[in-house]
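Let me give you the structure first, and then I'll get to my questions.
Chain IDs A, B, C and D follow the sequence of writing; residue 1 opens each chain.
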């Protein structure tokens, strides 16, 4: 929890590495194109990053427990369909309903993982396929338009004219998760599970519940990300969020959370999500040609992880 | 000429001086014992001898020649090899591969395995120690003792490498062995002595005196003396180790609780699982019941079943007369049961978490106000237990992996005590790897807990320990309780009595 | 308080009104990727137009990733939008509304192609100049009919569908169904999605060929990439030339195949024209040579001319190149085949 | 104290050892039997041949990924590496874009390029200590970028008859590509069983730290394993190019996750140290039987992916039943 007491300066620095990487990236993009560092541009980045931040924050919990959730993007896509279908009838209630359903779906995967003893990688890979199929069928394999988006419109507004509501919401989600972890025993339980599941279990930690809970929150976050996407897109679609999976995982790892579990935080994922978003939108905007953009993206992500990962916490890197 | 000699070896770690000018001479074909408290510097010294630790000052001489050892390979080329404290075999390889690992020689030609050659090479090593195991057996299919034989065979492979009689280092090889296996190991060591030099570390001083020719004692990173094993007694060694005389009453028998006949705290009837059958016994409040048996007798699994960590197929468990169900460790925890596993590093502690977090992991309520962690309450609680158990740690926020084994064990014991609601404690090898001093402290703690009415099930680290601590002993054999032996202070059975029932 | 729009920007001040210096116009072309021939030719067409007016096109690609497309658009719109012209291929129908809304608020000139929801109309917006697409129902039917003729009016066929949730895939399949009604002798043995992908079409076709054996007389593919994959499958099954294949898009390899007779028909979708024309319309509007209110209602959302390509006329389509005359402000609506229905 | 000590290593189920490798083959037989019962076309010789032919590329890619998984690492670079190698080979053998005609040499270069990509992933892992998950994901993006550069807007179609022939010509009823895959599986198995590289890969998955204590330098072996995997992906890219008759940037789309699925379904553990090429071969067949069978029995295209996902999860669940333990760690 607060290992800060004995922290050496070098260790403290690794905690800030994700932020340093972020700043370096903004600087590099600004040098490449001075127009990039405008207020409007940064506001746009914040708004753009919101769904990714929420997705990554939720999945971070699963990663901290030592697992991985590959279903988040498919679940978010399915949730956009549900939301679009339900908005006409449920109105404002559609949002909590979708988040609740997504949370339940996440929890079901968690239960399958825990009870069937199948690696989370496989459960959620299967889950991804199943959820995609359901989304395709439920939506009739097409976009579901939202004619009256007023119940989710608030997410598309700007607080004080500057702060995108979606970004503010994402920030609140991250803060809430972080604070809850900080002030309750959950943090200990989650890291114990991630670092050493058997030791955690033999200390009476409710390992199974903790894992199911993590999947549940991850699902809920996918649901919320879906709400953000619908508010931005005025529709739901069966593949709408599918492409956010790898960026979300990249965000978590770039933030410095150990993919093997235990070490990391949602704050790190927030920084990671911003780095990934900047790379996704920044590189093409400053004029990097498509092919080189991919090459740079790959290379920068690898270097960013090399910078942010706190190696003193993980002895063997797989 | 000495087989190995160390002069003025110094090793500093941030904040600790692990070695403070150690001198040591090892004569050819002797078995040299190394004794000292936890943290005295034994492992560090030995690691320096196999090139895993680079000393800050001092010199190492092999057969009279000063050498610099940069790596395990380097040391092996000089004929020095080590059996590590935690077993270091690759479980999914064959025994033969493990034996030749890193020095395959003719067994691998241009990257291609020649299994027949490998088998032969491995067999040669196994023959040296007369081990009958199949070199091509997968290592994880071997028994613990057999695996240790493989480790020794592996170390002996350096003989071919260096063309000199090997120096074999054994760091606490017995801490995880059963008495029967220890006998076999000692027979091997005596056999090794014919052609090799052995350095042997153990916290069981009687053992050290039994197998060694000479014992050197380390304290605070310095050599503080040596004794010839013949005729020496453990008390003498102990005194040298800690600088004063230890208590006569190692097991604190005088503090043993007199068990009054009343409703049993724990009552087990007909409990069966995958590796044990029809187990029935009672433990009264304040009673310490020891379970003894060889590896595979099923006692570990019984212990785990009582903690909800192993499924049962039949039988019932009652706590203070109430029948309880243990579908999970959480349920056991809530029922006031605590468990200290034998594998401290992998199952006992969460290395990267702090002392405080490890100590409060099981009983979160002890550091919380409502659902929230109360930092002040936690600090007070943890610090008070650090003081009560004299846990040596820089602070409560230090990651537990930086503590010595004994102190780690105290933290894990404290884990079950912080909430004060513990009714039954299951201790699986609670003193494994602890020095005599710390062990004695653990025994005292067990007595204190018993005095407050905590029932204890003890799987002792040795038969002596079980006999010394227990009020009653169950002997398990092949998954069943073979017999029950009363074990009151003053009328203890001899270990030999028990062994007869065990096999 | 909350607001609809981020502050500190240039807003809609000059939307649709100002006439920009030709040299100040910013041209943006956005497609999925540069790794498929059709979309690569689109960007090349855009480059050619840009060059003809002394500008360069900013090329954006989003890997068929809807979210990435939106992210890029919002970033572009967060920059200088005064004389911004965008020629966009929305990933799917659902991606068009937010792009339109963003461009409208920022006052950027926008031309979209292929995908939009039916009830969203450029005519309701000031700077969304036009939406261009090809009549998928028509092309699906045309190649269906060509296939029916090729197999002599009777026999079984299999259909390879595109990405199931795109308008292009659905419309084209509706066209096939219309064709089947017209040709009662033709039966649809099976239909599978191969996602507009050559590789997926290859495996799916192989499986369907073993499933239906010699009953398969023809293969209807919703685009040429899949048709080319099906051709490979036929070759590997030793059935090359025995089964008729049709597709849509007129990618060079397909046109060649039609010319050689290995493929029966395809339909022209002129990528390089699409890449140039969107920018041209926007450029003309931005520089004031084309007044938005002067654009005929029928031209605000139209089907572009397309041709069925068979062995007879394949030669004319063999080497597609852009014709600068197409992009002159007076000619930009020359290829209108009819209003969107 | 004279009698034999009855010893059983703690918490290690002997029962499990016998069962655990049997799960996937049994699942394969069961699923095959079910589809055969449901569809006569499915069990036709033609279709069985078709399944085996269709499995060729996946088998080669899975061979590569298996070595990486055996070490306990993961590799997501297949898609990018295959794309880059597909473009490379299509531009080196006779094609419509240039006058090259290097034939076999072109194939060799493509395989070497795959090897180089793999080595880069490995180097990022051992030198920069970037987890393989991320290092290979990054490498995949780089591969796709390189492929897109080579694509340059015009589809390279191959005219080299030898390369095209690999997918078309048959020997004993199976396409040459299938025979290539069979050779790869055999080769992979030999590497796993009889070479230091293969055994060390296995050992690294079992207990990496022990290798270091035994004086083995693991880093070069890790890099070599990734390079070996890359070579298999490179060959996979060549095979896809031969099948499609053209070099596609998307040549490797989806192979990364299908290969991992196949390996895991076959019984290779994601945590390393168990499984291997024979397991993976069974896994590949299982996956291919499933995809083919679902089409043959006429499951709606909408549902196919979902049903496949469900069956994969069920198969893995069934396979782990014999080894299930209360306190087992599953990540």
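The definition used in the following text is that a residue touches a chain if its C-beta (ideal position, glycine included) is under 8 Å from a C-beta of that chain, and two chains touch if they have at least 3 such contacts.
Computed from a predicted structure; not experimentally measured.
Chains touching both chain A and chain B: D. Taken together, chain A and chain C share the touching chains D. Ranked by how far their CA centres sit from the centre of chain A, the chains are topped by B. In this assembly, the C-alpha centroid of chain C lies 36 Å from the C-alpha centroid of chain D.
Mean C-alpha positions place chain B and chain C at a centre distance of 72 Å.
Averaged Cα coordinates give chain B a centre that lies 42 Å from the centre of chain D. Averaged Cα coordinates give chain A a centre that lies 29 Å from the centre of chain D. The residues of chain A that reach two or more other chains are 136, 141, 198, 201-202, 290-291, 293, listed in rising order. Looking at chain C, one finds that residues 33-34, 164 touch two or more other chains. The multi-chain contact residues of chain B, meaning those touching 2 or more other chains, are 309, 329.
If you draw each protein chain as a dot and join the dots that touch, the picture is not a line, a loop, a star, or fully joined; it has some other shape. Chains touching one another form the pairs A-B, A-C, A-D, B-D, C-D.
Across the complex, chain C meets chain D through its residues 33-37, 40-41, 43-44, 161, 164, 190-193, 197-199, 202-204, 206-213, 228-229, 232, 235-236, 251-253. Partner chain C is touched in their complex by these residues of chain A: 35, 38-41, 43-45, 47-48, 51, 136, 139, 141-143, 145, 154, 156-162, 164-165, 229, 232-241, 243-244, 277, 280-282, 284-285, 287, 289-291, 293. Those residues of chain A lying in contact with chain D across their complex are 66-67, 112-113, 116-123, 125-134, 136-137, 141, 197-198, 201-202, 246, 249-250, 253-254, 258-261, 290-299, 301-303, 305-306, 309, 311, 315-318.
Across the complex, chain D meets chain C through its residues 41, 44, 46-47, 50, 53-54, 144, 147-148, 151-155, 157, 167-168, 175, 240, 243-246, 248-251, 253, 291-292, 295-296, 298, 301-302. Residues 307, 309, 328-330, 332-334, 339, 341, 346-354, 356-358, 360-362, 364, 367-368, 371-373, 375, 394-395, 397-399, 415 of chain B are the ones that touch chain A when the two sit in their complex.
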